[in-house]
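So, here's a batch of structures to check.
Both of the next two complexes hold chain A, though its partner changes from chain B to chain C.
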Partner chain A sequence: MAGRLLQGLLTVALAAVLAFVLMRLAPGDPLAVLGDDRPLTAEARAQLEARFGLDRPLGAQFASWAGGVARGDLGVSIATGQPVTRLLLDRLPASLLLGGVVLVLTFGLGIPLGVLQATRPGSAADRLLGGLSLAAWAVPSFWLGLVLAGTFAVRWRLLPAAGMTDPLLDPGAPWAVRAADVLRHLVLPALTLTVVSIAAVMRYQRAAMLAALAQPSVLAARARGLPGPAVIWRHAWRNAIGPVVALLGLWLPLLVTGAVFVEYVFDWPGLGQLAALAVAARDYPVVMGVTLLVAAATVAGNVAADVLHAAADPRLRP
Partner chain B sequence: MTGSGPYSRAWRTPGARAGLALLLLLALAAIAGPFVLPDPAAQPDVLAGANLPPSAVHPLGTDQLSRDVLARLVSGARISLAVALLAVALAMTIGTLVGLVAGYAGGWTDALLMRLVDAALAIPRLFLLLLLLAAWERIPLWALVVMIGATGWLATSRVVRAEVRRLATEPFVLGAAALGAGPGRIAFRHLLPNALGPVLVSATLGVGNVILLEAGLSFLGLGVQPPLPSWGGMIFDARETMHAAPWTMLAPGAAIVVTVLAVNLVGEALRRATEPGR
Partner chain C sequence: MSRTRAPLACARRLLLPAAIVALLPAGSLAAQRTVPGSAVIIVGQDPVTPVPTLTRLGASLDVSNQLFLRLARLGPGLRTWGDSGFAPELARRWSRRDSVTLVFDLDSRARWHDGRPVVANDVVTTLDRARIPATGGRYASLLSEIADVRAEGNRRVVVTFRRRYAEQFYDAVFHVPPMPAHLVAPIPAESLAASRFAREPVGNGPYRWVRSVPGQLVELEAVRGHFLGTAGILRLVFRVVPDADARLNLLLSGDGDAQEAVSPPVANLERIRAAGHLREVPVASGMLGYILFNHADPADSARARPHPVLGDVRVRRALVRALDRERMVRAVFGPYAAVPEGPTSQLWWIRSLAPAAAPVDTAAARRLLAEAGWRDTDGDGVLDRAGRPLVLRLGVPAPSAPRRLIALQVQEQLRPLGVQVDVQVLEGSVWQERRNRGDFDLDFGAAVQDPSPSGIVNSWSCANAGRPDANVGRYCDPAVDSLVALARFSSGDPAPYWREALARIQADAPAIFLYAPATVFAVSTRYRDATLRADSPWADLRRWSVDPGRALPRDRVTR
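Up next, the complex of A and B:
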């Protein structure tokens, strides 16, 4: 396990180097956003380049950037001048809330649906659910978000269309009232993200469960006269948890990608919206910061999935 | 077709047939559209002709600049499909070559390449593209294709590598080596053709992914640049007109869903048909 952790750290470090190289290889002017509407004078440009360290050789830039990253300093936003680490920390809670709810919904719904499909392969229910998940897989998250917001928020006025809290709500309102307000704002973005990411869980669970149901141990349990649900959940499903846990690591990038669009469409003040806005403003250090955080989370998800998988499956223990 | 090979097996699934039929229809529309439909950039009457509902003249209505939505949709299909096909072709070529080299050379080459692939896979593809594309003033179409292709080969290279490593110890490969075939000949004549099955599957599923990805990038302003029509760009424009003219929002979204679904139906059937031990 220590080896797996070390390997994960190495992967994150390599990903950081890669991100730096990619960003610097890409053509474009990091200061363009500042000169968009008012051309920079030569002196102003030189001053700014010195401030952001852009006048130094690439190797030196990389060294100071990597040193900063190691200390948790991700640089300064070119557009706003704020420290990137601060911006990321400010937006982390909103993203964790949305991501956590979507995690519970996708796995909480995807697992039983996948199991249901696997226990009746080829049935009408299996084919309907399979078709639906394939269709959900094809839906662009930003489009679904806009359609849902247009329908439920703008046309029917049932739910808020944007943001995380009602700006008119008295900040001194009781705790329960404010929680209910956040919850109302959470419904549409969480629903959108769940629709676009549940298919992966259903399909994985279905395949894993089909394989588990084909095991001789399941046949033996049935032969002993155990009731159907006991066989399915206690005998077969326990052997089908592994692949679904492994999916956690694959599902996270899916969620983060969807979050960029969904948070942008719903003005949800999370990391995804930060990334979308930073891209629009061509604010490199912020785009880099979010990318690094996402890479670290992805690798951590994979490592956690491996460790959990080993814990759930005795065959993988050393 | 009555064969028992994986491709005829895939062809026998109703989903694959429906998907292929849809794609054929779409390709036909994309090719014939410009000869039948009005100019997608024409703005006949910005004042009285904007946001018109569907009619005989404009089957899918008009947008806020009085442009014909169907003409823009079909024009967008050409661009979306061309970008997706070219980018995936590029990605598959890189992925196959890297996988072939890593799997066949083994040792340090293999370790180095696969560590790099691992690191790149830690960054979701959208973020790789954000890093690569955010800096451009206006992204030329060729650059979009190259960047999408250059970020899409990672998983494929791993699949090909695994396939090559499995094949490398097969008797027919060892036999070819014993007969004096050089490494290049073994790699390209013996290993490559036999490792292409999984590549075809990832290529098909990759096209669906790239259509979604390109739509998303265009929505964020990093993809196909206006005035060129693209489905993602049409959705971006429709944010303001969707209440007065819902067709401007529904048409491009439905086009994406149907196209990606059709591609994935075919890819799914291929995957299941080529899967070992089904």
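Up next, the complex of A and C:
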């Protein structure tokens, strides 16, 4: 376990170094966003560079940033002047909510649908679900988002077009009212992301399940006269869960990064939107903060996948 | 006992108001039918620092203008010279002591939102901060002609200028609204942006700060009993939506009430017209879009050599004459943009002084290029001279839809002429860095101008040639500089000088001046008296009110 932890820390550190170097190599000026319609004077520019440490050598800048991270201080946003930690914490709940709901829907629906396809290979249901999932996979998320917003929000006015809450809702409103408001705002972005993501889970699950159903153990179970659902879920599915669990591990970082395009289209105030704005503005401290978070989430996702896989497949237990 | 008395007491309490209402004339009753009102204004940027001296543009300025009043407001004529184009706001009246001294008497009714009176020291402290380069940043150059600001008692402010010029009054009142000295003075200037005051500003305007959710919204509420009158809309929310499509969807769905700058293409305007519950409100804007010619050779790191192609004025004139600017602008902006004859937005009163440009004439453009030695010697459709093809790189910032759309039209219109334009759509910060470095042939820039034409110095003077964010094309004509100086500082009518300066710029062809658009706002039709101002669009929001017959549930919510 200690080895895994060390490996994870090294991965996060490597990601941070890479992000730092690549961002500095990319063209763009973080102070440009601070220029209004009038040029920054040389004096003002020098002051800003000194304030954000941009006048120091790259190595010193990285060392200063890393030292801050060790103390729990991710620095200050160049664009807004706000602490990066606060910006991340402000955005994290929205990303966790959207990512969590999408994760549950994608795997909660994708797994049974994939199993359904595998148990009826070549049937009309299999072909229909396969065709639909392929079409959904091919659709760009931002396009689907715009279509759904145009239909359900603009044309029919059934759901909000953008945002996470109604800005005019009284902050002192009862908890249930505020929760319902968030849920209404969540429907379209969650639906968009689920539609474009579910195909992968379905296809992985279908392929793994087909292989599992052909195994001698499953044939033996059938020969013993076990009922169909028991054969499918207890004997076949447990053997077919591996690839889907691996996929889940890769998907877990989505919980924190969100989906940039969907967050943009629906103005969902998550980390994906923050990251996109920060990259465009060359807001180095924010980009580094998001990178660190995503790297940590990726490592955590991989560890979680290994644990789940081991729980599902006794052969992998030490 | 109390059980029997209570209904009687209650009935008495109800009867009296009922009798009063019954006795009211019908007109008075109608007047009572007002609702508290709300407005959700959709903006593209986060109003991070809605405080004077920290912001001059965008959503921060929109919010700042609700919170802070100026000494005087600019009238609809946008006359920036003299004081006849201004109306009192924080200053009740003003007078001139001599040619370099203005005296302002503050309105004694003015109060900060924390209850303290607005005093002369507030004005002195704010202007002093803004005038010093180290603390005022870019305001310092705008206020550089102010020599001294001092208080005479609590209500009188005396502003002394270094010399006599036409826009003294404008400079004193327009750029920086006063801030409360009792709150701002203890904050070091470099800490102001990160201070609590910047996060929760205390102003003196018709709206007060309620809350903000960073990246999402800012909420204000009307100040009841404000000395200029209580605003008709009590709750005001500036909702931040970075994506243009999401902004439009929010507006069309009815979740927003108004939106600034409905972006081209014109199809967006058609969607607003079709919605039925919205109307378009075009307002003159300070925006100017132009393709800048680089006068210096980008291959020369010192930028001392003239540009090998664009250093020749005949080439520059040929490119200007070959383009049908009117057609391009109509395709992108519809009726809501003018084709400028010089570096003049719709806000500048001098825009009508520029001579009409020569009409589109591709034959004349070909002749000019031939005179400059450009011919298609190898028959590949691209002109060349001494083995160099006439290929120009055009830098375009990706976030700007109008510029992306027009750049492609420019490319198409110049192709038949034998000029190859390579359009390079760049991420905003990359584009800005390249233009500041002078690493371009053609640059699709856009400026946001103040109402004062003095801003011409920023982008088109020798003094600013090569300065980042200023005259990055290194255009320099000392005659233009002299004419602009005469226009700004002469005691007589400045118009003839401006006219000559603009004619000279036009002849020099330092850029292709493409569009001077109006900003098109979309506003819900449920508002009455919904006027917008050119110098500060939402500054008249306090005069708006909701049509009682079209009120929404959210209009009745008050804090």
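Odds and ends about this structure:
Basically, the second predicted complex is superposed on the first by the 304 of 318 C-alpha atoms of A that agree within 3 Å, B and C clash if a C-alpha of one lies under 4 Å from a C-alpha of the other, contacts with A are read in each partner's own complex, and residues count from 1 in each chain.
Definition applied: a residue touches a chain if its C-beta (ideal position, glycine included) is under 8 Å from a C-beta of that chain, and two chains touch if they have at least 3 such contacts.
What you see is a predicted model; the values in this text were computed from it and never measured.
Chain B and chain C, once both complexes are superposed via chain A, clash.
Shared-chain residue A:82: touches chain C; no touch with chain B.
Of the two partner chains, chain C is the only one that A:157 touches; chain B does not reach it.
In the superposed model, A:280 makes contact with both chain B and chain C. Look at A:14: by the touch rule set out above, it reaches chain B but stays clear of chain C. Residues 26-30, 32, 146, 150, 154, 264, 280, 282 of chain A lie in contact with chain B in one complex and with chain C in the other. Those residues of chain B whose C-beta lies close enough to touch chain A in the complex are 115-116, 118-120, 122-128, 130-137, 208, 212, 215-216, 219-222, 232, 235, 238-239, 242-243, 246, 249-250, 252-253, 256-261, 264-265, 268. The touching residues of chain C, counted against chain A in their complex, run 38, 40, 46, 48-49, 55-57, 133-134, 137-138, 140-142, 190, 193-194, 211, 213-217, 219, 235, 237, 239, 241-243, 245-247, 249-250, 252-255, 399, 427-430, 432-434, 436, 447-449, 458, 464, 467-470, 554, 557.
If you check the complex, the residues on chain A that touch chain B are 10-12, 14-15, 17-19, 22-23, 25-30, 32, 134-135, 137-144, 146-147, 150, 154-155, 253-254, 256-257, 260-261, 264, 275-276, 278-280, 282, 284, 287-288, 290-291, 294-295, 298-299.
Residues of chain A that touch chain C in their complex: 26-30, 32-33, 35-41, 43-44, 47, 51, 76, 79-82, 87, 90-91, 146, 149-150, 153-154, 157, 160-164, 166-168, 170-171, 264-267, 269, 273-274, 277, 280-282.
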